Amino acid sequence: MIFSKNDKLVMIGDSITDTERKRPYGEGRGEATGKGYVSAVSALINSVYPELSLRIINMGISGNTVRSLKERWQTDVIDLQPDWVSIMIGINDVWRQYDQSVIKETHVYLEEYIRTLDELVKSTKPLVKGIILFTPFYIEPNANDAMRKTMDEYGRAVKEIAASNQTRFIDVQAAFQPVLEHTYPAELAWDRVHPNMTGHMVLARAFLKEVGFDWNKE
Amino acid sequence: MIFSKNDKLVMIGDSITDTERKRPYGEGRGEATGKGYVSAVSALINSVYPELSLRIINMGISGNTVRSLKERWQTDVIDLQPDWVSIMIGINDVWRQYDQSVIKETHVYLEEYIRTLDELVKSTKPLVKGIILFTPFYIEPNANDAMRKTMDEYGRAVKEIAASNQTRFIDVQAAFQPVLEHTYPAELAWDRVHPNMTGHMVLARAFLKEVGFDWNKE
Amino acid sequence: MIFSKNDKLVMIGDSITDTERKRPYGEGRGEATGKGYVSAVSALINSVYPELSLRIINMGISGNTVRSLKERWQTDVIDLQPDWVSIMIGINDVWRQYDQSVIKETHVYLEEYIRTLDELVKSTKPLVKGIILFTPFYIEPNANDAMRKTMDEYGRAVKEIAASNQTRFIDVQAAFQPVLEHTYPAELAWDRVHPNMTGHMVLARAFLKEVGFDWNKE
Amino acid sequence: MIFSKNDKLVMIGDSITDTERKRPYGEGRGEATGKGYVSAVSALINSVYPELSLRIINMGISGNTVRSLKERWQTDVIDLQPDWVSIMIGINDVWRQYDQSVIKETHVYLEEYIRTLDELVKSTKPLVKGIILFTPFYIEPNANDAMRKTMDEYGRAVKEIAASNQTRFIDVQAAFQPVLEHTYPAELAWDRVHPNMTGHMVLARAFLKEVGFDWNKE
Amino acid sequence: MIFSKNDKLVMIGDSITDTERKRPYGEGRGEATGKGYVSAVSALINSVYPELSLRIINMGISGNTVRSLKERWQTDVIDLQPDWVSIMIGINDVWRQYDQSVIKETHVYLEEYIRTLDELVKSTKPLVKGIILFTPFYIEPNANDAMRKTMDEYGRAVKEIAASNQTRFIDVQAAFQPVLEHTYPAELAWDRVHPNMTGHMVLARAFLKEVGFDWNKE
Amino acid sequence: MIFSKNDKLVMIGDSITDTERKRPYGEGRGEATGKGYVSAVSALINSVYPELSLRIINMGISGNTVRSLKERWQTDVIDLQPDWVSIMIGINDVWRQYDQSVIKETHVYLEEYIRTLDELVKSTKPLVKGIILFTPFYIEPNANDAMRKTMDEYGRAVKEIAASNQTRFIDVQAAFQPVLEHTYPAELAWDRVHPNMTGHMVLARAFLKEVGFDWNKE
Amino acid sequence: MIFSKNDKLVMIGDSITDTERKRPYGEGRGEATGKGYVSAVSALINSVYPELSLRIINMGISGNTVRSLKERWQTDVIDLQPDWVSIMIGINDVWRQYDQSVIKETHVYLEEYIRTLDELVKSTKPLVKGIILFTPFYIEPNANDAMRKTMDEYGRAVKEIAASNQTRFIDVQAAFQPVLEHTYPAELAWDRVHPNMTGHMVLARAFLKEVGFDWNKE
Amino acid sequence: MIFSKNDKLVMIGDSITDTERKRPYGEGRGEATGKGYVSAVSALINSVYPELSLRIINMGISGNTVRSLKERWQTDVIDLQPDWVSIMIGINDVWRQYDQSVIKETHVYLEEYIRTLDELVKSTKPLVKGIILFTPFYIEPNANDAMRKTMDEYGRAVKEIAASNQTRFIDVQAAFQPVLEHTYPAELAWDRVHPNMTGHMVLARAFLKEVGFDWNKE
């Protein structure tokens, strides 16, 4: 696995990351890391690699867009001096264009999204051991769905940012593909956005594969 | 994996299993399977093996002993016509002897524990494809601790029942062993009994290994 | 309008009808008729046709299928001696097949749906002045979506029952069509099922058109 | 209809407008526009004219008088840069004179009412496409009732302000007249002020008639 | 005063009497007699005539009509073996005709009202020292208001029942008259039915005058 | 009665006055004047003298001593520009000496009590039509009880302040005397301090007698 | 101390005993034995004599009189097969005569008190190792207070019952005497009945002295 | 006993001391001193030595370490001008090293612990009559348990600070020893840290022995 002993990993994002995590810092006893993929990642790493003493902090905040991340990046990421940062952002940037189409000041269009995310990655990279970028996703199997198409554009943008900045990269939409072949979206997420535990485990497993987690480790 | 398409798995036990599952049946939307190992098992199987359409029902009830299981076995297990049954019971049978030592009618001593569990297994085996028995456990690394010693006796009894009835068997205490080498009990469970998500993942992984789950399956 | 002075109209269905109506009878002060299309229908008729003194009773119950309606038909419809009955049912009959695919006892397949609805209509028709049947609907514009396709089948079944029993009929899916040409589903219903007030007004207007409501009446 | 694509309409007023709308801005998901005439207007326009993408923001605050509106006019109206503004104010200006007769600092007498409302209209008119003024109202059919007489005076003042400023105008008291011929006030509003949904639909329909809404539009 | 030492007085009625009294019996510590005229009567008598040890029990229940009183008369009046009974009933009998005009089974028309009240009085009179009948009332000064006119009819009926059965009698509507000459109804009761403390004191003083209470007693 | 049309009366004190009155000003709809003697005084005057339009404001705050009154006298009395002020203070000044004997900074001893109350009266008298001083009281019939003796001293001090400043004066302890001859303290106040409604009526009647209220006024 | 290893002690009574104990049985984890003298007795014995494994069950119920005890004696005492029973009852038997003087069916007069308590003691004595009787008490130092005098009579009755039945006996009123010489009642109990922790410790120490508890035991 | 009349004792610490005490000062009516050893100490001293009028203030705050105490020492101890100060601190200083091993900024290691506690004692000693130091403790009988060993180190440090500063000293771990010989930890504290009332009584008795409390005092 890519992590070393005593590494600190900050996982930031929107409601998919947040999942009722503890404030101000999502770490510690009880459900401090929330009830989603961060909690699953933490539980799997800590139960299989207890000797690493990996420190995972969930800094997701529901409703955030990349614009929101930028505003709190200094206090919520840089000041924590992480070794690793994972970012899953973009769903609200897109979703607001579709569920609040007339409230345009809540929309974050592609150009701003790319520019802002790239800026966060570029300025952070020199300070950490590594960055892991997730694509945003939409649990909608119909690739011609209007919102799915936009989400795919944002996903491609993340891929390009990852490539040009040489960060790690997780294609969440691709990870959901095999599950959606057998499972109707309503079984994973009533609103096609907020997954149940099965959906979060798709995220967690995609992350763990990217970081070299070994399930069969003794 | 040992499960076939459309199999139904009933997982029964005490508070470790219950974890605020839905009543009367621990299945369906939201956190219906609770917030512990059953939920983790369900999420991992459903995200990796969606084509199986495995039906998992959490029937744990907090505070239960094997005596309680016997009382509700017909309605809560047999009537559900499961293909598979997992049982994790015994912690309260032992714990009450140590935390309510004077309230003796709440204690279930070893002889009754063995007799009752064996009876449940024997009567159920012909009706199902298989039974998976978990040992009870205590997140206490000191093997000379009084309660740990008793718990180990109950664990050995489960092992013997599994062997004599030819059921599947999971040694939970053993599964915790490598984690406890690096982790102080208070980091897994404040009362050394109710694990946090890391502890529940130890249970889930032990179960999944026993049933042939393949993490790397495409 | 088809209603006469002092007529009593019972509107029955599932959560789309229920919308937190009063128990045991959805009529009277405050939000007794709920917060959806029944309330809108009631408000529009009572404000435009106050001289009719139309009595509208909301008898919807969240989660109901046509199977549930049958169980409570005597007490919740017949015993109220309505002049008119409207029925909107079928969404849960279909939805459970898609969001709880493994819990098969909650599914109501097409054959049972047709048989039961037809039976309710046939037995009730002689007792009332008229019946108004709504199709179930799904706020999903993609006609190839698996659940949408099934919903359309159930809708066609309602149309045939209406025709063979000569009842009034409202094609809700068709009523949503022009709105969906300009509006993304997430703007009408987060889960593509439970509409916001705009969606409910689509239902109300479709109903009012069918019963001859005149918006411009002085 | 008088509205063009993407127009923004701010509807401001007191509790009749407020109806538990979202803070700080009454727009967006759920019951953000409240549970009264604003919600009904929004639902009817959005369901019949979805192609307009009209943006409606409810800025009502319970208990407001015209004096309160003046205090928050800049932030709650002007800063939102609306294309259209509707104002329904005056009920509390009058009511406090009758239900808290000794607490005189809460009364807004006619002269101040006229002066303030006129000032708001005059200063706003150049900035918007149009203003729609509602009269205040009292659901009391007895034209000799003391409070009804005062309310009628305030209503006449609104009519004059509308005329002199050439704004659109809705006589709410007149709109209630035909309903009150068939309906006792207690059936519309327990306190003769806060209408139920039927009463709110009277307001909504009066508004929609004034703005050229076509119920029968395909 | 008409009461003797240790007399027991049961005061029964609807919400005007109930005022959140204690269940099942409205007597004892705290606000057991409610927050309305019964509490005021009790406080005035007990503070001025402490030597009487008068026992007052509030048996009002919100929403009651005379039909409801009849159903619970045996358990809630006769079984308590009172020396005196006061009855204030009829407001809901009338109100439901005006605020729920279409729900006719909740209306109690004049004939049934007279017959039932007379029957209760006749059957109870031989068992007690005396009965005090209140008229129902409506805090509406306009004698031509439809509901006020009906209420007045019910009031006249109470007067006749009192006369023919020779019971004590309190004309509540008359007691409100002088107050309404100076006070607008909204200052006494938002819905013109449920009075504030000032309105309840009108009731209490009317009662106390009838029973010979002496305010100036040393 | 001593009050003239439109007079404003501020009644200030501790929890006996407060009785859950509205904040920041104890006047207006509902139980704004609290649930004690202020409410009873208000209800009796407003029901018998509605033509006076007397404005009564309850400014009591639970736990207050005369020291607390002094701190808020400007904002809570003077700024309200009352015509009349009533003051009931001293119970907590004494009580704390008996129920928190070791927390001496909460005690207000006699010298400070006299000095402060006298100062408030002297500075206020020129600004108002009149001041009404209540003695503090203790619902304890045993005149040799330690706390009762202290309370009596404070009561005598109030009497002297009233005399030297020529204000109106109400001896509450004396008003309770005849009631206590027939009533055990526990029936009036569980803690011998906070009276039930009967006790509050003793206060209200004492006040009303002092201000010339005529119960028998038509 | 009089208790032997594994003895079971049932402590029954009214609210003084109850103190929010667990239902149905006041024993086990947390505050199961309540927050009063039973809890203090249990804590002191278990911390000083852990080797005894004494089982203490709190069976107090707030509001109970000796009449209430009789009704539940079989299920709440006898069926538990105690070795020892302590009884503290009588406060409500007396108190109701003073705080609800007119509600006579709630009073338990001396004759019934003596007869019932004697009967409970006589029937229970052969079944247990011993009975400990507490007197009821009143935290009122004035021996001429009416309620204190009655309470003293009931206390003397308990003393006689203890003597004639040869049970152990605790004079609670006497135990409070030295404390009341230095402490005003309000510092121990706001209502002179329900003691704070200091008051409960008076009860606990009196009990422990009677049963031979040795504070200085190593 | 070491205390003199009217002495003030401040007891400060972490959650073991806090036990839901009143804010900002843990003294006064009800459960102001909390529900633990401070409350027991207060109740025992006040019931046995009422003539002392000892003033005890609980200033514990849950989660505190010695670092937290230092931050609030001026306001929470010095400003209260105590005669005596007791300190029980260190459990969280140690515990965080074991239950949040990766969140290192929450750990207080031995060197800082000693330095800070010594500084607090040294600076306070000249201002008070005496200081009583408790050791921290861990209800774990296994002396080889990792956290128990660390706790013992901190306990020895307290002992040395007490000796070098000549303060009073209580070895809590030693006080638990005889109880743990007969009682399994789970019966005293589910998490081996927060004791039930029996555990708190161990603390209270250890304190009282140190200060010369005489249980048998008349």
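All chains are identified by letter, namely A, B, C, D, E, F, G and H, in their written order; residue positions are counted from 1 within each chain.
Rule of thumb we're sticking to: a contact is a pair of C-beta atoms (placed from the backbone, for glycine too) under 8 Å apart; a residue touches a chain by one contact, two chains touch by 3 or more.
Quick caveat: nothing in here was measured; it's all calculated off a predicted structure.
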{"item": "Minimum number of chain-to-chain touching steps separating chain B from chain H", "value": "1"}
{"item": "Computed distance of Cα centres, chain G from chain B, in Å", "value": "45"}
{"item": "Distance from the mean Cα position of chain G to that of chain A, given in whole angstrom", "value": "62"}
{"item": "Two or more partner chains touched - positions in chain E", "value": "29, 53, 99-101, 183, 190"}
{"item": "Chain pairs in mutual contact under the definition given at the outset", "value": "A-B, A-C, A-D, A-H, B-C, B-G, B-H, C-D, C-E, D-E, D-F, E-F, E-G, F-G, F-H, G-H"}
{"item": "Residues of chain G touching chain E in the complex", "value": "99-103"}
{"item": "Chain F residues within the chain D interface of the complex", "value": "6, 27-29, 53-55"}
{"item": "Interfacial residue positions of chain E with respect to chain F in the complex", "value": "29-31, 33, 35, 39-40, 42-44, 46-48, 50-51, 53, 178-179, 181-183, 190, 196-202, 205, 215-216, 218"}
{"item": "Chain G residues within the chain F interface of the complex", "value": "95, 98-101, 142, 144-147, 183-184, 186-187, 190-191"}
